[in-house]
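Since the structure comes first, as structure tokens, the remarks are kept for the end.
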Amino acid sequence: MMIGPDLLNIAIYLPLAAAIGVALLPRDKEHLAGPLALAALLLAFVPALALYLGFDPALPGMQFAQDLPWLSALGARYAIGLDGISLLMFMLTAFLGPIAVLSSFEAVKEHRRFYYASLLALQTGMLGVFAALDLLLFYVFWEAMLIPMYFLIGIWGGKRRIYASVKFFIYTMAGSLLMLAAILWLYFDHQSRTGIYTFALSAYGNAATGGTGMLLFLAFALAFAIKVPLWPFHTWLPDAHVEAPTAGSIILAGVLLKMGVYGFIRIAVPFFPEAAMTAGWPIAALGAFGVIYGSLTAWAQDDIKKLVAYSSVAHLGIVMVGALVLEPAAVSGAVLQMVNHGLSTGALFLCVGMLYERRHTRLMADYGGIAKVMPAFAAVFMIVTLSSIGLPGLNGFIGEFLILFGSFKVWPCLALISLGGVILSAVYMLGMYQKVFFGPVTNPANKELPDLKVREWLCVLPLLALIVWIGVYPNFFLKRLDTAVNDYIRLAGGQRPPFSLTQEGK
Amino acid sequence: MKPLLLNAAFYLISGAVLAGAAGVVLLRRPLYCALSLLFTLLATSGLYILLGAELAGYLQIIVYAGAVMALFILAIHMTGQDAPLKVPPLPRLLLMAAGAGAAGLFALLMLASARFFIAFVKLAPEPWSVAEQAGLIFGRYAPQFELLSLLVLAGIAGTVVTAKKKL
Amino acid sequence: MMNFLPLTDSVPLAHIVGLGVAVFAAGTFGFLVRRNLIVLLMCVELMLNGANIVLVAFSRAPGAADPQVWVIFMFAVAAAEAGVGLALAVLIWRRLRALDIDALKELKG
Amino acid sequence: MEKNLLDLTAPLLLVAVPAIIALLVRPAWAARAAGIGLLAAFLNVSFGGPANIMPFGQSLVYDPLTKLLWLLILGAAFAVVDLTPRADCAASLPANEYYFLLPISAVGLMAMLATGDLIGVFIALEVVSLPLYALAAARRTAAGAEAGYKYFLLGSFGAALTVLGIAFFYGSVGSALIQSAAAISGLKVNQAAASAGFLLIMSGFAFKAALVPFHMWVPDVYEGAPSPVSAFMASAVKAGAVLILFRLFVAADLPLYYKVFWWVAALTMAAGNIAALPQTGVKRMLAYSSVAHAGYLLTGFMGGKAAFPAVYFYLAVYAAATIGAFSLVAILEKDEKGVTLDGLRGLAAADPAKAALMTVFVLSLAGIPPLAGFFGKFWLFAQAVRGGSPGLVVIAVLASAVSLYYYLSIITAMYAGKADVPAAPRSATPLTLWLIGAFVLLGGLAADFFLLPAANALPFLP
Amino acid sequence: MEGNFYPLLKWMILPPLAGFVLNGLLGKRLLSERTGGILGSLAIFLSFIFALLSVSDLLNLPAADRLLRDTLFAWISAGPFTVDFALRLDPLSSVMALVVAGVSFLIHVYSIGYMRGDRCFHKYFSYLNLFVFFMLVLVLADNPVLMFVGWEGVGLASYLLIGFWYEDTEKASAGKKAFVTNRIGDAGFLAGLMLLAAVMHAGGVYGLDFSTLSANARLAAGASFAGVNAAFLIGVLLFVGATGKSAQFPLYVWLPDAMAGPTPVSALIHAATMVTAGVYMLSRMFFLYEAAPAALNVVLITGCFTAFLAAVIAVAQRDIKKVLAYSTVSQLGYMFMAVGAGAWAAGVFHLTTHAFFKALLFLAAGSVIHGLGGEQDLFKMGGLRRHMRTTFILTATGWLAISGVPPLAGFYSKDLILEKVFASGAGFVWLTGLLTAALTAYYISRLLILAFMDKYRGTQHVHGSPAVMTAPMGLLAVLSVAGGMAGAAWLLPFLQPGAAPEHHSALMIAVSVSAAAAGIIAAFLLVGRRAEDLAAAWPRLHRLVYNKFYVDEIYAALVLRPLERFAGWTFRVPDSKVIDGAFVNGTAALFMSMGRGLRAVQTGNAQFYAIVFLAGLCVLLAAVLAGYYL
């Protein structure tokens, strides 16, 4: 069992096996569901870690690859593998999984077996998306993981959970169904040119150019833009985040949003480099506008979770700018920022979940002076807030620094707009922090709230550790990205021409 | 002379068939409609014989006119519904639509086959012998014939189970 | 009716087919308009009869016996259909004490 | 010669004879008799040796294609017959006649798919329809009678039109074989009459398959008829009708028909899905969904003859999911009114097994991976794209997006709702349902198991 | 990468980090107050010792080659960007390091006394250590990106310390205001760096450390961005960052509110060290400004205007700490005037002396407030010279130093700046500088009179300050006295080895001393008994100045309030109504209504179905036949 595809398969399907096991637990053993799920995910983290350490940064192309026949009638093969970018995403998912499970021990009381089964199935779905190298396999994982997330929001969510879950499901599905039509068109266009039916991602480099290329690119881009979420397609995000249970929000923000950007990097741009080159700027502009828009709307919120949701729109806006600018530093920054956002927003949702477990309200007005009552929690929340607004020394800054500096060379105006967003993030995050933590303890209910319990510490500490680690020593993660990022840029048709800094000779 | 007579007979029978059809549609009391339908069927069997399909003609009289009409009369009797219905007719719009639909169908089909109607049909030709037709029924169309037996069996079972007073 | 009363003993195919389709159309109109369930069934019989006429007409045109055999088959089909149809009409009469099509309004939407 | 004849008639007899026995034995045993018959036929066909015999010329053809189609029909019929006793309305059904008429209808379907002669197809269609008219009214209630009569009325109207179509087609082409439809494009003078006649024939089957202009009867009849009968109609009968429609469509292969069917497909998908949105009755909703699925199948037609494997696989998956869904509705419904969305509330808590199965069936109907419905839909839309009508695929894709709403409303009701009335004691979930559930869940991932044999049977398509 | 490797540098920044971690984690539970305080102060003392060692090693090097470096590890490496966590010690950063470490140590000792009995005693010391760590990182950074880490780090520390007593919302929002204003400045700083990096990368230079940057400064001078000369644009943008951090116009509004923090914090961060970061940064990037003289003018004028404006406002303030705050803003203005005039060494010199006497004045104010039990209003003090003798003497030394009375420190550095400004030819600026010097003398004397002269107007019982507080003040007083002379003799040649020795023209000295004297005399005449009538004479002017020209209110009205309302609007209208309401829910409602429409068509009447059936069929037939006949 050396470090190879079978390890990758174990890492992907162990959670699914556990999901089935947990679902079939007898009714009286329901209390075991949580611990079993946690054990399974922790166990699944080991092969993932082994893969991470065994990953050779210098090797180009996919590692731990496997390619087995699957649906020969359609020409679809079971092809999986990881490169630098998907490795990082794979690790983030494997890392957030146990934390999400651990965070919902006290929060979820009814249908626990089904709850943990959904969480575990979701985990496999997401891991599959990042590892899939076959377009059909990617699509199957891409849509299959909507089901467990739909159940998570729909059953264990807040008051408007049904509206939110149905809206989330249909909104994402509508986009990806359009992508389905595009995939079919590509599939047959490729067959007509080369005579072989295949879904291998590698076969579709520069698949279509000209008008149809642009149309297909937009179909793919729409499906991924909804997931990112890019500016006009984001309205499902606040509802889904606010109504989802804590664990749901953590995974939704931590991983699901990254699939949109990953989709752009892995499929949309490499498939249609010419269309991506022309449409790159407008989409990045939407992202940059999203940074400002997300920050403004976040500032206008009085519900903490909604604020964090809109802040995710802002954070991922800047990631989109980084991903589409095709400048090595910006793209590495974008991928790292995806991990950072997963950690900081995951931690934010975790903390909001802890507050919700104590006070069962998410409105800032109901809190005030919590720092006095729960000092340790206030300190943790402070670190996470600072990471979210990108304070240097913590992880947020590294990503934003690379994206801003990298994209400035090509699109200075978008970089500057995103920089504006960075300021606004400090305004609404610290505004929220002050309303909740500073000031006198006005509400009597806040008088004696218990500070962090051991379980909660176990949830938060790994996140804090990584937040500081990436802030202080990011190269441990950046080093693995270089070859993958260069491959992506090469596939996307080379770097974009830098902004004209008219050099007068000298 | 004989051809003239045949022609006259054909158009006469056609007229009878059309009149019978109109009767079924327009007459108010169901019993009169049933009789008008009977008349149409008899006229049609005459037409068949005129066109040389004698076996079909005679069978029509026995099977169709005889048995099926008996069924209708029985049904009308069982439901005791001889009086015309007191229910208001369809709204005018639907009436017009139905009329337009039926006429449209007629026009379209005639239009469709207008091009190849130059052929002529010889009246009262010598018919195919019963043996020949029987050969067809029990030769090429044997499976269809067996299916028919199944159909009738199913029809009987269906009718009985639906119309039984209590199971 | 361009060659009215020719002296030959043949009739244009169009007239026979026309007659058949006309009977069919009459049956259709009756089917769509009449309210009484049993009369509706009669109209169905009429439509089938019209179709049979067209069948017989085409058996004469290219001159093959097959259509006539089918006409015979059609008698059985019509009979079976009439049987089930009338049974259903009787059932409706027994359940709803009404024989008009408007009574069948419960399943809608 | 005799041995081959026996091979051909064995499955038919294996179904018909037990059906007649069911008519005569005690009501309790009728279900078992019919079930054994269907199962025996199914096994005979699946394990019988290779066959390619045409004892009566095109009137009856027994070749790998027929075997494949028969497997589908027998499978569906067996599932319905096996699940009927567990249905809530089973007591009110006339057992003897019920277990006679249903298999006979199945035999009709088998005959319809095995013959290449139009008159044979018509008579078989009648053999299929007649028992269903009676079965629809089997519960002998007012609603049942209404459903039966409506189905009869429109059915006979369609039948009459089909005969007229056959007449015109025969008149202009000179032969009543399906294969001869290929000659239409060759005709010069009477091509109009031939294509008109052929269209009338196809409209008869379009009626049975519930395509848009002819679909109005579906919601009322499916709601009025006993749920198992609706299941049979929605699965086996629709499959038969669609397959015949496919054979006719492919035999004629007229560009004119592609255009016409393009519009019919688009309208069917749109109408089926959109009309289902405001529904609250689950049976009525499933009826509309079956209309929509006919539309999806029609999209596959755009791929021409080579689309057969996709159509066949989709029909198999769709039939399984529909039978499953209708049977669950049959088991769960308390009164004649059927199950409403509110009635489903809290099912997940009361009976998690059934809730899970219903979720699997509904998600497969919605076409969500990894369920078989997705792969079916994927390969079907692929045929349309290959056939050169991506526009229709975009409409199909949007229609399935719309369909998500009412499919999810079923799942949401089961899981997110709280049952106000205490749940009834939990009844055992029949094994067949579990088998169908497993097939729908895992069938997609093993689609090769269906697509390859279907591809091999392609050359036998006229 | 010239410059010799020197391992000791990292030991300057590690102790404060350790102090932060120890006090932060073990703090309240394990350590007593005494040990916490000592631990904190010890950490700073250690880094001060290491600073001294490093500087002495630096001095042994030949004048031209005075540069020590230590690359701890490769911090960020992605694509063309390679940023190392590297420290650098050269004359400029050594001066800053000594000042920061020294003054912080004294203030740590002072804080032990000042903060005794506070509930979060340990948290205070951990934050203070954190501040020193970030300040040292800022000062010792070898590349602008690491400097930015320190830059924002100190911003964070000041936010934490200003809002230290967070129960009081007004103090907490002061902290937030400081952080946000700093962030705005930092955005300017980042934008400048981004443009710098872009220009360097365009010219093929990928190293970001200061040595490479200064070597390739001509690249920036040559390039132009959107029609504007790149060097000028970078200069201005970096200066925007400096205004944010060093509280220059227009981003100075946060400093007066920052007085909400404990007084030692004000002394350390908002007087001596953090606010001087801007001056240090400009001096560090001076190679850039040499290439863009226009940017220097911007610095000059802004510095001068800020100095004058702050001095005017300081004159009318009632709160002792507010007076000192505006005094700091004004003095910083002076430093920027020096840099603007091209004499960054003079700026750094004034920075050093200012650190001493301003820290002294703040600590004195602190002991006054501590003595009066938290009273900060000058008009409720008076006659304290009898009750707090030592504090009075120390404050007096501070008073003389800042007014620029020779031979104290203030005179040397301020006079040098005025000379440099005069030498650079900016006559009008020199004049305002002189006027500001007079105003400075006036408001400091006013403070002294109101606080210490006349009779005690307050109600509390006054008590003296413990030794632990007065000792550091004493030391600072000594530095304020001796600092000037030592600095002039030793500091300037150290900073700019090659520069020509200063020749002080007697005339200039006379002019500046007379300005100082005028200020002091005016104070003694006007302040005190007749202070009230001064306010009565020009009530409107007085109210205007007292309310700091309503700058805060203007900012709030022009920027803050509209932005907040716009944010609310973006959420309510475009987000909830347009995108979510119209498009998303709108389409859903559209399909649902179409569904209800179709449902109405399903009338239940079988004949109607048959009609639809027939109509549909006719349409299809017509379509097929149309193919043939049309």
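Order of writing sets the labels: A, B, C, D and E. Residues in every chain begin at 1.
Rule of thumb we're sticking to: contacts are C-beta pairs under 8 Å (C-beta built on N, C-alpha and C of every residue); 3 or more make two chains touch, one makes a residue touch a chain.
None of the values given here were measured: they were computed from a predicted structure.
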item: Required steps from chain C to chain D (each step between touching chains, minimum); value: 1
item: Least hop count linking chain A to chain C through chains in contact; value: 2
item: Pair of chains ranked first by number of touching C-beta pairs; value: B-C
item: Chain nearest the overall C-alpha centroid of the shown protein atoms; value: A
item: Of all other chains, the one whose Cα centre sits farthest from chain E; value: B
item: Centre distance in Å when chain B and chain D are each reduced to the mean of their C-alpha atoms; value: 32
item: Distance between chain centroids, defined by C-alpha means - chain A, chain E (Å); value: 36
item: Averaged-CA centre spacing for the pair chain D and chain A, given as whole angstrom; value: 43
item: Distance from the mean Cα position of chain E to that of chain B, given in whole angstrom; value: 103
item: Interface hub residues of chain C, defined as touching at least two other chains; value: 17, 21, 24, 27-28, 31-33, 50, 52, 57, 61, 66, 73, 77, 80-81, 84, 87-89, 91, 102, 104, 106-109
item: Per-residue overlap in chain E, given as positions that touch at least 2 other chains; value: 599, 602, 604, 606-608, 610-611, 614-615, 617, 621, 625, 629
item: Shared-contact residues (touching 2 or more other chains) in chain D; value: 119, 123, 126, 130, 133-134, 137, 140, 148-150, 153, 157, 164, 168, 171, 192, 195-196, 219-220, 279, 405
item: Every chain pair in contact, whichever chains are involved; value: A-D, A-E, B-C, B-D, B-E, C-D, C-E, D-E
item: Complex contact set, residues of chain C against chain D; value: 17, 20-21, 24, 27-28, 31, 37, 40, 44, 47-48, 50-52, 54-55, 57-58, 61-62, 64, 66-67, 70, 73-74, 77, 80-81, 84-85, 87-89, 91-92, 95-96, 103-104, 106-109
item: Interfacial residue positions of chain E with respect to chain B in the complex; value: 607-608, 611, 614-615, 617-618, 621-622, 625, 629
item: Sites on chain D touched by chain E in the complex; value: 149-150, 153-154, 157-158, 161, 191-192, 195-196, 199-200, 203, 207, 212-214, 216-217, 219-220, 256-257, 259-260, 263-264, 271, 274-279, 402, 405
item: Sites on chain E touched by chain C in the complex; value: 599, 602-607, 610-611, 614
item: Residues of chain D that touch chain A when the two form their complex; value: 309, 348-349, 352, 363, 368-370, 374-375, 378-379, 381-382, 385-386, 390, 393-394, 397-398, 400-401, 404-405, 408-409, 411-412, 415-416, 445, 447-448, 451-452, 455
